[in-house]
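Before anything else, here is the set of structures, which you'll find just below.
Two complexes follow with chain A in common, the first pairing it with chain B and the second with chain C.
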Partner chain A sequence: MQIKSITRDPYLYIFLIFALYPFYPFLGKFISLGSELLLFFIFTLSFNLCLGYTALPSFGHGALYGMGTFGAALTFLHLTPGMGIECALIIGGIAGMLGAAAVGWVIRNKKGIYFAMLTVAFSQVLFGLCWRWDEVTGGESGLTGIARSSFLGMDISGSIPYYYLCFGFFAACAIIIRVIAHSSFGMTLQSIRQNPIRATYLGYNTGFYKFLVFTLSGFFAGLAGALYCFLAGAAFADIFDWTKSGDVVIATLLGGGTASFYGPIVGSLIFLICKELISAFWEHWLLAYGLFFVLIILICPRGLMGLCDRKEQ
Partner chain B sequence: MAILSVSNLKKSFGSNLVTNDICVDFQEGELVSIIGANGAGKTTFFNLLTGMIKPNGGTVMYKGADITGKPPYETLKHGLSRSFQVVSLFEEMNVLENISIGVQSALGLRANLFKNFKKNDEIRVRSEEILSQIGLFDKKDFPVGAISHGDRKILDIGMALSNRPETLLLDEPMSGLAKGERSRITDLIEKLRKTTTLIIVEHDMDVVFKISEKILVLHQGAVLAFGDPEAVKRNKKVQAVYLKS
Partner chain C sequence: MKSRMIKFVTCICMVLLVGAFSAFAGEKPIKIGIVSPVSGNYGDHGKLERMGMTAALKQAGGKILGRPVVMVVADSETNPDIAARRARRLVEVDGCNFLMGSVSSSVASAISAVAAEKKVLYFATNGNSDSLNSDKASPYMFHVAPSMAMLVRGGGKYVANNLGKKWFYLTHDYSWGHSGTAWARKSAAEFGVEEIGEIKVPLGTRDFSSQLLQVRESGADVLVVTMAGFDNVALLKQLAEYQIYSKMKVWYTLMEFVDMWPLKPEQRQAYANVEVYWNENSKTRAFAEMLEKNNPDAPCPMPLDNGTYEGWLAMKILLAGIEKAGTADDVTAVIKAIEGLEIKDNMRKYPTKVRAWDHQVLTQIDLIKANPEATGPDMWEVIDEIDANKVARTREENPINVSISN
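And now, the complex of A and B:
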C-alpha cells in the first residue's frame, strides 16, 4: 500500500528526472539551465500558495525573490566574505519573508486588482531604490564577484555540485510546500479562496491568513532568490522589475496552478525551456510563446494541468 | 437576562436609513422569527448582529459582552452563528469537507501547517456527527454541486452548526424550497431548538406562526411589533402593513 502510494506520487518522477539531469545527452550540457529551472520551480510553487491556493494576485512577487537575491549577496559580500553560503541563504530567505510580512500586513485586507496593483507598486519602488542606491546595491552595475565556495563544508564551486545543492533545496522546499498545501492551513487557504465571506463566518480571520501565506511564500521566494545570486554570481536591480513578476505569473497560469499543485512546475518547465533554448535560435521567441499562452488559456482557462482536471489539493 | 440584547441599533447607506433605532431582547432558548416585507431590513439586521457590517449607532450585547461591530469570526467566538438566504458553500469541495472547514476552525486547527487535513480523524468524526444530525451523512462524499437545493440549504445550516453555536440565526431557510423539502427544514429546526437559541428570518407565515415563541415584525427598518404570535397576529399595525391578506 505504502509502496503503491509512493510509486503514484508525481514527485517521485519529478525528482528522478532532475536527479539525472546532468547526465542527459543534450540538456546535460546546460547545467546552469537545470539549476535555474529548479530555482524557478521553488519560486513558482511559493507563488502558487498565494495565487492558486488563496486567490491572492501577488503580481509583484519578483520583489520577494529580489530581496532574497540582494539579501544573500550583501550578506555574502559584507558579513561572510570567503565563507560558506549557509548564512547568506538563510538571510536571503528571511529578507524575502520580512519584505512580504511588511507589505502583507499593510495590504492584507485588499482584494483583487487593488492587491495586485499594490504588490506591483511595491516591486517597482524596490526596483527604483535598488537602481539608484549605488553605494549599497551597486546601482546599474549591480553587485558582482559573488563567488560561491562551500556549503556545510562541501565544495560547491563547480556547476554540477551547485546543481545538486539546488536540487536538494528544491526537493526539500517542494515537499514542505506540498505538506503545507495539504495541511489544515492549506485547507484554510482554499476556503478563503472559494468563499471568503463564509470562511469569515466559520471563524477565519481571512486578512490574517492572507498575511500568513504571503509571508510564508516570501520566505521560499527569498530562498530561491538567494540561491540564484550564487548561481549567477551577481545581483542586478532588474530582478525587481515587474517583468520578473510577470514571468512567474505566466508560468504558473500556463501550467495550471489553480487546477493542480504540480501546475507551476509544468509551466516553469515550458517557460524556461522556451526562454533559454528557443531564444538562442530565434530572437522573437516571445511571440510564439505569447501565442501559445493565449491558445492554452482560451482552450483551458485553468492551464495545462486543468486539461487533466485532476485536482490534487 | 437576555442572551442577545440590541439597543438603538441604526444603519444607513447614504441617506437611506435601513435600520432605524431597533431595540429588542432575545431570551436564551427562545425561537424568535423575524418577519417583514422585502426591504424591511431583516437581512441587514442579521448582518449588523453578526458584524458583517458596522452600525452607525447603537449596541449589540451578547451574554453581557459588547459585540457591536465586531467581525463575524469574533461574534462566532461568543457563540453566534448564522446561515444564509442564498446558500453560501465552498463549491469546489464535497459535503463532508464543507462541514469540516467549520469543524477545523472550532478545533483551533486553522493555522496548523503540518497536520494533514484529510487524515485528521478528530475533524472527520465531528464532521460526520454533524452530517448525521442534519441527515446528510449518506451524501458526505458528494460534490456540493451535485446535491439538491434542499440539501444545499440543509448543508448551509449544518456549516453554521459546526462551531456548536449557542445562538443560531437562520436567514430564510425555506426560500425556494418545495413543500416536502420545507418539512425537512422544519424538522431540523424543531430538533435544533432543544439545544440552541434560534432567530429566524422567514416569509412562510404558516411555518412562522406554527413554530415561533415570539415574532419580531420589521417595517422600514424599525420594529413594528414584538411579542408572542397571537399578539402579533392581532396587532392592527401589523395587519395593516404586512398581514393584509
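And now, the complex of A and C:
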C-alpha cells in the first residue's frame, strides 16, 4: 500500500525528471536554466500557499525573493567573505521571513485589491530604496563578486554541483510546503479561502492565520532568492521591480495554482522554458508569448492543471 | 486520480522534450554572443549597437583566421537578471567564448559576473558608469564606452571658459546621475566655477515644471544635466516650453542622437557631450550613409549614434585581438592580445587605445551644439574634439589593476 502511494506520488516523477536534467540533450547543457527552474519552483510554490490556498493576492512577492537575495549577498560579502554559503542562505531565508512578517502584520486583515496594492507598494518602496542606497546595495550597478565556494564543505563552484544543491533544496522545500498545505493548518487556510466569515465564526483568528502563511511563504521565497544570488553571482535592485512579482503571478496562474498543488510547477516550467526558447529564435517573441498566455487563460481560466481537473469531472 | 497524475507527468515531460529537441543548433565556427535589448524601451538603442557590430563584421569579410564568425543575438530586455540568464545560455548552450552588448551599467555588471564565472571575454558596449572600470572591473571585461569621468571632464573646460561660470545641476537620482554631477563638480572646482544649486530628479519623473521654474529663477549661466532614458526625452521637450534656453545655456553630460532626433527643431538647443557624431568628418559621414543604406529599418536617419560606434568598435577590437592572438579558443590569449592594442583606422581624429590596467577603451569625446534651425539629420555642430587619453581617470584616481598581461 505504501509503495503504491509512493509510485502514485507526482513528486516522485518530478524529482526523477529533474534529477536527470543535466543528462538531457540540449537542455542538459543549459544547466543554469535548470537551477533557475528549481529555484523558481520553490518561489512559486511558496507564493501559491498565499494565492492558491489562502486567496491572498500577494502581488509584491518578488520583494520577499529580493530580500533573500540581498540578505544573502550582503551577509556573504560582509560577514562571511570567502566562507561557505550556509550562513548566507539562512540569513536570506530569515530576511524574506522578517520582511513578510513586518508587512504581513500590518496588512493581515486587508482584503482583495487592498492587500494586492499594499504588497505592490511594499515592493516598489524596496526597489526605490535599493536603487538609490549606493553604499549598501550598490545602487544601479548592484552587488557583484559573489563567488560561491562551498556548502557544508562540499565544493559547489561548478555548475553541476550547484544544480544538485538547488535540487536538494527544492526537494526539501517542496515536501515541506506540501506537508504544510495538507496539514490541519493548510486545511484551515483553505477554509479561510472558501469562506472567511464562516472560518471566523468557527473560532479561527483569520488575520493571524493569514499573517502566519504570509510569513512562512516569505521564508521560502527568501531562501529561493538567496540561492539565486549564488547562481547569478550578483544581486541587482531590479529584482524588487514589480515585473518580478508579475512573473510569479503569471507562472502560477498559467499552471493552475488555484486548481492544483502542482500547478505552480507546471506553470513555472512553461513560463521559463518557453520564454527562453522563443526569445532565441524570434525578436518579436514577446508578442508570441503574450498571445500564448492570453490563449491559455481563455481556454482554461483556471490554468493548465485546471484543464486536467475539468476533463476528469 | 491515476489518469490525472499521468496527464500531469505527461505535461511536464512534453515541455522538457520540446525544450530538448526544438532548439538544436548546428556546429558553428566562432560564435559571438550578443546580449542586447531587442524588445522594450531600449530596443532602438540595442538595434543601433547591433548594426555597428554587424557592419564591423561585414567589413572584416565575416571571417577571422579563416574561420567564419557568427553573431548569436539574445534579448537582454534591459534587465540584469534576464541578461545574465541569456548570457549563460549563450555560453553554456551556444558555446560562445565572447560576449558583447548592453545599454545600461547594471546589465553590463550582470553579464560581467557571468563572464568572470564562465571565463569568457565580455565587451560592455554602451554603459557609461565609472564603476565598470573600478569596483566592478574584471579581467574578463573591456569597457568600450567612455566612462562619465571622461565625458564630463572632456566638455567641462570648454563649458566653463565659454558658456559661463555659474552652474546649476540637474541630476538623475541614482548612481549614474550622481557620478555625472560629481565629475562636473570636480571640473567646476578646477576651472573656478561657482555652484548655484542642484536638484535631484527621481527616476520616472515626466513633469519637470517645479524643477524648471526653480532653475529659471536661479540666475545660473549653465544648467548641467545628467539625465537618461524617457525622463530625459520629456525633459528636453519641457526645457523649450519653459524657455530655459533664453535664460541660460544647457549642457548635457551625455546625449544620444536617437533621443534628440524625434524632437521638433526648436526643442533642440542644448550643448552636449557625445561619443561620436555622424557628420564629424568624411569617414564617419560615409559610414553613416552606408549604415542607412543597409538598414532601412534603423530607428533614426544617419544611424551612427554612440551605441552604433561602440558596437562597431567592440567588434573591431575583438577581431583584431583574435587575429593578434592567432586563436579564438584561448580566451586568456585573446585578452592578453587586446590589452594595450591600438586601432588607428577608427574613423576619428584620435586613435583608439585599449588601456591594460583598467580595461578601458579610449577614443575621443565630442562636444556638440544642437542647431534649432536644422530640419534634417545634420542637427548638431561639433565644437570640440577631445582626446580621451587626456581626460580619462589616472592610476592615482583609480588605483586598480585587472590586467592579466602583467
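Simple rule for what comes next: the second predicted complex is superposed on the first by the 309 of 313 C-alpha atoms of A that agree within 3 Å, B and C clash if a C-alpha of one lies under 4 Å from a C-alpha of the other, contacts with A are read in each partner's own complex, and residues count from 1 in each chain.
In this section, contacts are C-beta pairs under 8 Å (C-beta built on N, C-alpha and C of every residue); 3 or more make two chains touch, one makes a residue touch a chain.
Note that the coordinates shown come from a computational prediction; the quantities given were computed from them, not determined experimentally.
By the touch criterion stated above, A:Asn205 is placed in contact with chain B alone, chain C being left untouched. Using the contact criterion defined above for the overlaid structures, shared-chain residue A:Cys166 touches neither chain B nor chain C, since it reaches no partner.
Applying the stated contact rule after C-alpha superposition, one finds that A:Trp285 touches chain C and leaves chain B untouched.
When both complexes are overlaid on chain A, the residue A:Thr188 reaches chain B alone and has no touch with chain C. Of the two partner chains, neither chain B nor chain C is touched by A:Leu45. When both complexes are overlaid on chain A, the residue A:Cys308 reaches chain C alone and has no touch with chain B. Taking chain A as the reference chain, the count of touched residues is higher for C when chain B and chain C are set side by side.
Shared contact residues on chain A (touching chain B in one structure, chain C in the other): 311.
For chain B in complex with chain A, the touching residues are 50, 52, 71-73, 76-77, 81-82, 84, 88-93, 97, 100-102, 104-106, 109-118, 120, 123, 159-160, 162-163.
Interface residues of chain A facing chain B in the complex, by the touch rule stated above, are 179-180, 182-188, 190-191, 194-195, 197-205, 209, 212, 311.
The touching residues of chain A, counted against chain C in their complex, run 8, 10, 13-14, 17, 24-33, 36, 128, 131-132, 134, 138-142, 144-147, 159, 232-234, 236-239, 241, 243-244, 260, 262, 265-266, 269-270, 273-274, 276-277, 279-281, 283-286, 304-305, 308-309, 311-312. Interface of chain C with chain A (complex): residues 1-5, 7-9, 11-13, 15-16, 18-24, 38-40, 73-75, 79-81, 84-86, 88-89, 92-93, 104-106, 109-110, 112-114, 116-117, 129, 131-132, 135-136, 173-176, 178, 202-203.
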